Amino acid sequence: MPGSQDFAADPRNAHALVYLNGALVARDAALVSVFDGGFLVGDGVWEGLRLHRGALLFLEQHMDRLYWGAAKIRLDLGLTRPRLVANLKDLLAANGMHDGVHVRVMATRGVKSAPNQDPRNALGPATLVMVAEYKVPDPQLLARGLTLHTASIRCSPADMFDMRLNSHSRLNLIIALLEAIDAGADEALMLDPHGFVASCNATNFFCVRRGEVLTSSGEFCFNGVTRANVIALCRQHAIPIHVGDFLAQDAYAAEEAFVTGTFGGLTPVREIDGRRLPGPLPGPLTGRLRALYESLKDSQAAGHG
Amino acid sequence: MPGSQDFAADPRNAHALVYLNGALVARDAALVSVFDGGFLVGDGVWEGLRLHRGALLFLEQHMDRLYWGAAKIRLDLGLTRPRLVANLKDLLAANGMHDGVHVRVMATRGVKSAPNQDPRNALGPATLVMVAEYKVPDPQLLARGLTLHTASIRCSPADMFDMRLNSHSRLNLIIALLEAIDAGADEALMLDPHGFVASCNATNFFCVRRGEVLTSSGEFCFNGVTRANVIALCRQHAIPIHVGDFLAQDAYAAEEAFVTGTFGGLTPVREIDGRRLPGPLPGPLTGRLRALYESLKDSQAAGHG
Amino acid sequence: MPGSQDFAADPRNAHALVYLNGALVARDAALVSVFDGGFLVGDGVWEGLRLHRGALLFLEQHMDRLYWGAAKIRLDLGLTRPRLVANLKDLLAANGMHDGVHVRVMATRGVKSAPNQDPRNALGPATLVMVAEYKVPDPQLLARGLTLHTASIRCSPADMFDMRLNSHSRLNLIIALLEAIDAGADEALMLDPHGFVASCNATNFFCVRRGEVLTSSGEFCFNGVTRANVIALCRQHAIPIHVGDFLAQDAYAAEEAFVTGTFGGLTPVREIDGRRLPGPLPGPLTGRLRALYESLKDSQAAGHG
Amino acid sequence: MPGSQDFAADPRNAHALVYLNGALVARDAALVSVFDGGFLVGDGVWEGLRLHRGALLFLEQHMDRLYWGAAKIRLDLGLTRPRLVANLKDLLAANGMHDGVHVRVMATRGVKSAPNQDPRNALGPATLVMVAEYKVPDPQLLARGLTLHTASIRCSPADMFDMRLNSHSRLNLIIALLEAIDAGADEALMLDPHGFVASCNATNFFCVRRGEVLTSSGEFCFNGVTRANVIALCRQHAIPIHVGDFLAQDAYAAEEAFVTGTFGGLTPVREIDGRRLPGPLPGPLTGRLRALYESLKDSQAAGHG
Amino acid sequence: MPGSQDFAADPRNAHALVYLNGALVARDAALVSVFDGGFLVGDGVWEGLRLHRGALLFLEQHMDRLYWGAAKIRLDLGLTRPRLVANLKDLLAANGMHDGVHVRVMATRGVKSAPNQDPRNALGPATLVMVAEYKVPDPQLLARGLTLHTASIRCSPADMFDMRLNSHSRLNLIIALLEAIDAGADEALMLDPHGFVASCNATNFFCVRRGEVLTSSGEFCFNGVTRANVIALCRQHAIPIHVGDFLAQDAYAAEEAFVTGTFGGLTPVREIDGRRLPGPLPGPLTGRLRALYESLKDSQAAGHG
Amino acid sequence: MPGSQDFAADPRNAHALVYLNGALVARDAALVSVFDGGFLVGDGVWEGLRLHRGALLFLEQHMDRLYWGAAKIRLDLGLTRPRLVANLKDLLAANGMHDGVHVRVMATRGVKSAPNQDPRNALGPATLVMVAEYKVPDPQLLARGLTLHTASIRCSPADMFDMRLNSHSRLNLIIALLEAIDAGADEALMLDPHGFVASCNATNFFCVRRGEVLTSSGEFCFNGVTRANVIALCRQHAIPIHVGDFLAQDAYAAEEAFVTGTFGGLTPVREIDGRRLPGPLPGPLTGRLRALYESLKDSQAAGHG
């Protein structure tokens, strides 16, 4: 498999420190035991954040989601929320980072006495890792757009595996992505149990059909902070939006499409299952929403968020 | 959460070496990067094996399952099957292990350039870990039996998350187990999408109803080697067995129940959702099947398998 | 099975008269034929009402539901609605009842020529029974709270068995309750066919999550008069309420929970599947809604409803 | 609604005694309290049996089903199985009955302290009723055949309401029957949750298609003793039979159809949803199976069963 | 099968010209090849329109739907929308038609090189047919009303066969209609995959229940122009309307019911599955909505639409 | 869309006569009315047959399926089965055809009085068309293999649209095929409602996994004559075959795959969703089954079938 191309490597990251259980360590020294529950059985939750012009964007929403997820899996992060944020800011300061930085906070069950599922086998506190890297979306993506492939793997209902949980157990999504890669596409488009469009494997999906923005109901997709921001922007700016069921076939016939995520913001889609969407990249409404979202980010960073 | 009690800790394990990417290292030195795909996103497959009287039991079936899983997630283990087995045997020899040993072979996506799902970001070979530990089932369990609790989390169909895959992404099963723990039970009983009994969270489930052994259809449960052996033993010994749909309520009314796994073999169940099953522990048919399975193990170990 | 403890027996009930097909009879003389369709095949509908400070609360809603149910099963009650209410009031007067009284109106297919399903075998008019009893909720329940257990039995969709019908055929709900009793809980929490929380076996379920009241969509639960009142009170008092899908796991993580019914009004929940909900009993929002509901009852009784 | 016509009333029944909780009483004196769980909430199980030439046919199968059902709802019948059979035989003897008699054994939760679902409110033992009546199928039905109507009400899966349980809660089936009656048909044909033919509302359904007998999988229909006998007869006599999924449309195109039940044995069907099935009544294969079943009954009665 | 009676034949139609691929031809000369994709495999879309007082009613909505459908099946109609409308008006002019005319525009894949599914085998342009006929609803229908029969065939979800597409592939609906005809009814009432009322086989269904108009969610029914108009009229005139799930049983208990379509407008329903709805025909609310719809048509025709 | 390439055009077909309602006419004169039910609403059934060495292969099975389908849609073909076969043989004789000929028999509702669904509007007899063409599979396909693309459109259950019916209403399948064409593939692979592999859009699908042949359960695919022959050949020759559920992912990991149909027999598959299957084309087991099937055809043609 050739390397994926959604971001440009940045040499500065090689020297960036990593937060590991209270210490700041070199990237190569950021090691965990093979008996860590995160490694053994994917027992952990994570959060992605974006450092923009000195500010951690939408910080409260991200912390809400992280602590909600930890509570859901009964994981004690070992740090209060303000303390965790302070530690993260210390990491960024130590790395001299100010802008264009992507952060991943990871909390797992920690070292266990035995390599099995049982969380009671955890020997001590949770493992807490924070990685901050200079990482900006490939600028060519804006004009080139992503290609999507509908996977045979579907999104699960929440009584089987809750998609709203940012978990360390992503193998089903990786298998969906592998299908997309095999089909020559960048990312997998995934349907919900009823056959409606739910999500991409790592981002949320939107398309524009007859001037109306469509996105899934939210029941079978990531509980995305960017998704919520885009929906809110549509409503604030009277852009018609349908948050509900639609078909892959409706997406095939869309004028525009894009995906959302903390890392890439809004990324245009060029092609779905081999069908080239009409029009320029990004499409006019995608472009407008991107601009609105960039303004929102700037406004947040300036303290007006 | 108090520690689980399904096995007795063995002090010898503290000094047992661990296989890590070709080297034998001390337990405390068995470390992987926080950028390993196994840690980041549960991107890996594993296999449990049992060393009994010097023999790795049902070795071919376990290797079939491991290599099938790796192929399914497109993971190149980097070792031929004979080579991997040879390395495992070297580990056991180095540890002087002969009997009563549980082995976990883990293969993950290896170190990645970025903490995301994309397997193309793997920088090098797979991570291969082999852990061998002295570990025997708690002997009191035979007389005490397990208590089960039906979880609200259900087993997923294979077009969402294939239960037949021994994956490093187990968080849905851990959440089910957490429900059981909260309810004061040892393990979660899980239903399939249609409401039939499918599996426990880490073992397969059997019960005995009017003299007939019941177990699930196999579509929504672990592809268990012990399960397959028990089914085969029933058929060889003309013990009536139904491999198909049945309800939690049928299990409540069972004469006996037990779970199966590589580690514990057949473990009797005492209670399901607060209902004490009638009769002694283990029940007569459970006892008979246990004896047959022990004979099969001995026979395998003696080279007659 | 030990006796359930959700109400205190009242010795006055032993002497209360029962309405039976136009007559007022002693409790021991309130007998029906074993050929009555209600006894044979659960062929009937009932209604629970509450006498509070001399008034039958929410009488119109209860009569709507009773006559709707009777029409649905094609049962001619034999009395006009005003006549039935008059008879009920006569019963209450004859018993000298004024407050703290629970009423059950039951209407069944009457005596049949043969013990089978066919309603055309009814030989004569419907059987109409009205039982009025002094019955108040156990005052300790407010501080102790109910314990719930998620049953393996799920609520049925309306094309199989319409939960909105207050029927004499409750055996599926009783089986769910038996599961709860076996698990040491007071009442069963039941999921809908899609795995979302639907109802308890005899009451409707609400919980409070991050300050928002959650209750099920209404498609798979009792068509509760108290439920409707609580929803309306939330809306009138700007208490955030979500009437729709949520998971058992969301309920586990709730700040507060309560059930609703005509008999008990709002009853706090202490524990779900072994998980103790945080905080005091009743929780602050439960307490506030209880107070609002009590005011509503008083207002109704005072003729301002 | 005009009276149904599937049997001829027999004047001898007016004087037949009824077994009620250990006593033999006149039909008019067979009364139960309105506080009986059977009347209040359909909390009971029943069994139909046939007295043929002095023998209670298939007695063991019927007793298995009755005691299985009682165990499932946790109802203690209060009598051992031999004792219950002895009491039933005493009833038949007291009534001087020898042939052409239909028996219904009913066991309910007994008198309760309050009119609600909770089985723990039962004040004493179960109510046990046995009704024996001279009752033979209308002989004209053989030549006239039944008319069926596909109901909008579907059979429930066992995790909602187990159709295998002969319960006193039959209102969903009665509602299905009401649809059939409204459509001018004799009985309702009911589909399973997946749209396949499951059952009639009170009997099991079979049809003959290209010489092969079709009946449902058994997962969503009554656990019929006659059904099991007919399936066994087909297998013994090498009559092709498919026990599995088929559509209403396959039934429309059948050469013959019949329903089975303890009372009527095999009853031919003339018409389904207004479509007249071709050929004479009963059809040739229906006739053959009827004859085989009559022989089986005679053989059982002669002690060779 | 006797002829259906929902419209009166009009002798003028025998001489009306038909538009066929650019030419106006006599009815008998309106022929297509047996290799036309429309004939071979139902590969086409159509649209029904109504000429009222010289105006093609709701022309834009109908053209939207036609061109949406053609785009969905990747069929190039070969004519711009204005050109197609101009041709249609020419046809009407050539036939001297002004009022009471029903138009069917049909566009199929055209002549193919082989009788199979592959649209790439089309040898040339699409086949475009326009039929205009004098056709008015049978005036007696208003007082007589339609009879409906619930079919065993259900409406499909859009990931199987999108009901919103006015396709030339209608055999599933015809099979549903055949069930209705066999049952002596005029039209089939069809349920959705979850058992709720979805649609009739060729029209959309509405009923009135306690003064509220009920119609299906729109996910599993025709994307009807008349349906949309009726919903809009209800909203404009503050007539309560529920656009969502309801049961066949709710329809049985309705005060009134009617179906909608371009040809018939609003047609009252007399009977569903043998149940006579109460009250006069048309019912008061049906009558009111009919009048509102007639006004809307007149207003449109007068150029005020 | 470029022309598909699964067969070579044969100039002899231009002059072959076509059977049309009893007459033999030139291909260009094979015309039907635009009022024919086949054209209007896809109201018809068809059958494909193969003329091989002078014999119509598996003629009885094909006639069974044709007459079954006609009966299912209540279409009177107007000809007895022997008469229809005789007419077909006359057509072949008139065309001097002996080998390498594909036949399509089509029967539709005939000319109707109005362009709607109602089959009672048929004015006269069914339209019967028989097309015989020289048509052989592209010989290069054997070595090149087909490419498949999993469509978002799924196969419908039989209570929505029975896949076993060879109908003139194929637009859902054409839409699935259009997805495949857009994705650059030859044919669509379609899943069943539960996510298992069901069928291709115009052929049935088989794959080989670890030496075992896999094909779908038959509940959601074409009732293929070739499919049945291949299954029977496997069983006769002790080739392991699983007729049941499997996933798209199992097909991705197959050693070989092929599709079956009357026209092409067994055609190898090269690639599924962009994944190249391993090994030569055709694969060894595909090659063996092809040879067995060719022998069966020859044997049939020689009169030994």
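Order as written gives the chain letters A, B, C, D, E and F; numbering starts at 1 within each chain.
The rule is short, and it goes like this: a residue touches a chain if its C-beta (ideal position, glycine included) is under 8 Å from a C-beta of that chain, and two chains touch if they have at least 3 such contacts.
Just so it is clear, the model here is predicted, and its values are computed rather than measured.
J.: For chain A and chain D, which third chains touch each of them?
T.: B, C, E, F
J.: Along the graph of touching chains, what's the shortest path length in steps from chain B to chain F?
T.: Minimal hop count between chain B and chain F: 1.
J.: Would you kindly state whether over half or under half of the residue numbers at the chain A/chain F interface are used by both copies, giving same or different?
T.: Chain A and chain F contact each other through largely matching residue numbers.
J.: Which chain's C-alpha centroid is most distant from that of chain D?
T.: Result for max centroid distance from chain D is chain A.
J.: Quick check: more C-beta contact pairs at A-B or at D-F?
T.: Between D-F and A-B, contacts are more numerous in A-B.
J.: If over half the contact pairs have to be identical by residue number, which pair among A-F, C-D or B-D is the repeat of B-F?
T.: B-D
J.: Using mean CA coordinates as chain centres, what's the gap between chain C and chain E in Å?
T.: 45
J.: Would you mind listing the residues of chain F that make contact with two or more other chains?
T.: Within chain F, the residues that touch at least two other chains are 72, 152-154, 159-160, 162, 175, 191, 195, 247-249.
J.: Thinking of each chain as a vertex joined to the chains it touches, would you call that graph a line, ring, star, complete, or other?
T.: Basically it's none of the tidy shapes, so other.
J.: What's the complete list of touching chain pairs for this entry?
T.: Contact pairs between chains: A-B, A-C, A-E, A-F, B-C, B-D, B-F, C-D, C-E, D-E, D-F, E-F.
J.: Under the touch definition given earlier, write down the residues of chain E that touch chain A in their complex.
T.: So the residues of chain E in touch with chain A come to 71-72, 157-160, 162, 219.
J.: What residues of chain B sit close enough to touch chain C in their complex?
T.: That would be residues 149-150, 152-154, 175, 179, 182-184, 191, 195, 247-249, 252, 273-275 of chain B.
J.: Could you list, by residue number, the parts of chain C that touch chain A in their complex?
T.: The touching residues are 191, 194-196, 245, 247-249, 253.
J.: Going by the contact rule set out above, which residues of chain D touch chain C in the complex?
T.: 1-4, 6-7, 9, 18, 20, 27-28, 30-36, 38-44, 46, 72-74, 104, 106, 108, 113-121, 129, 131, 133, 135, 152-156, 159-162, 165, 167-175, 177-178, 181, 193, 201-202
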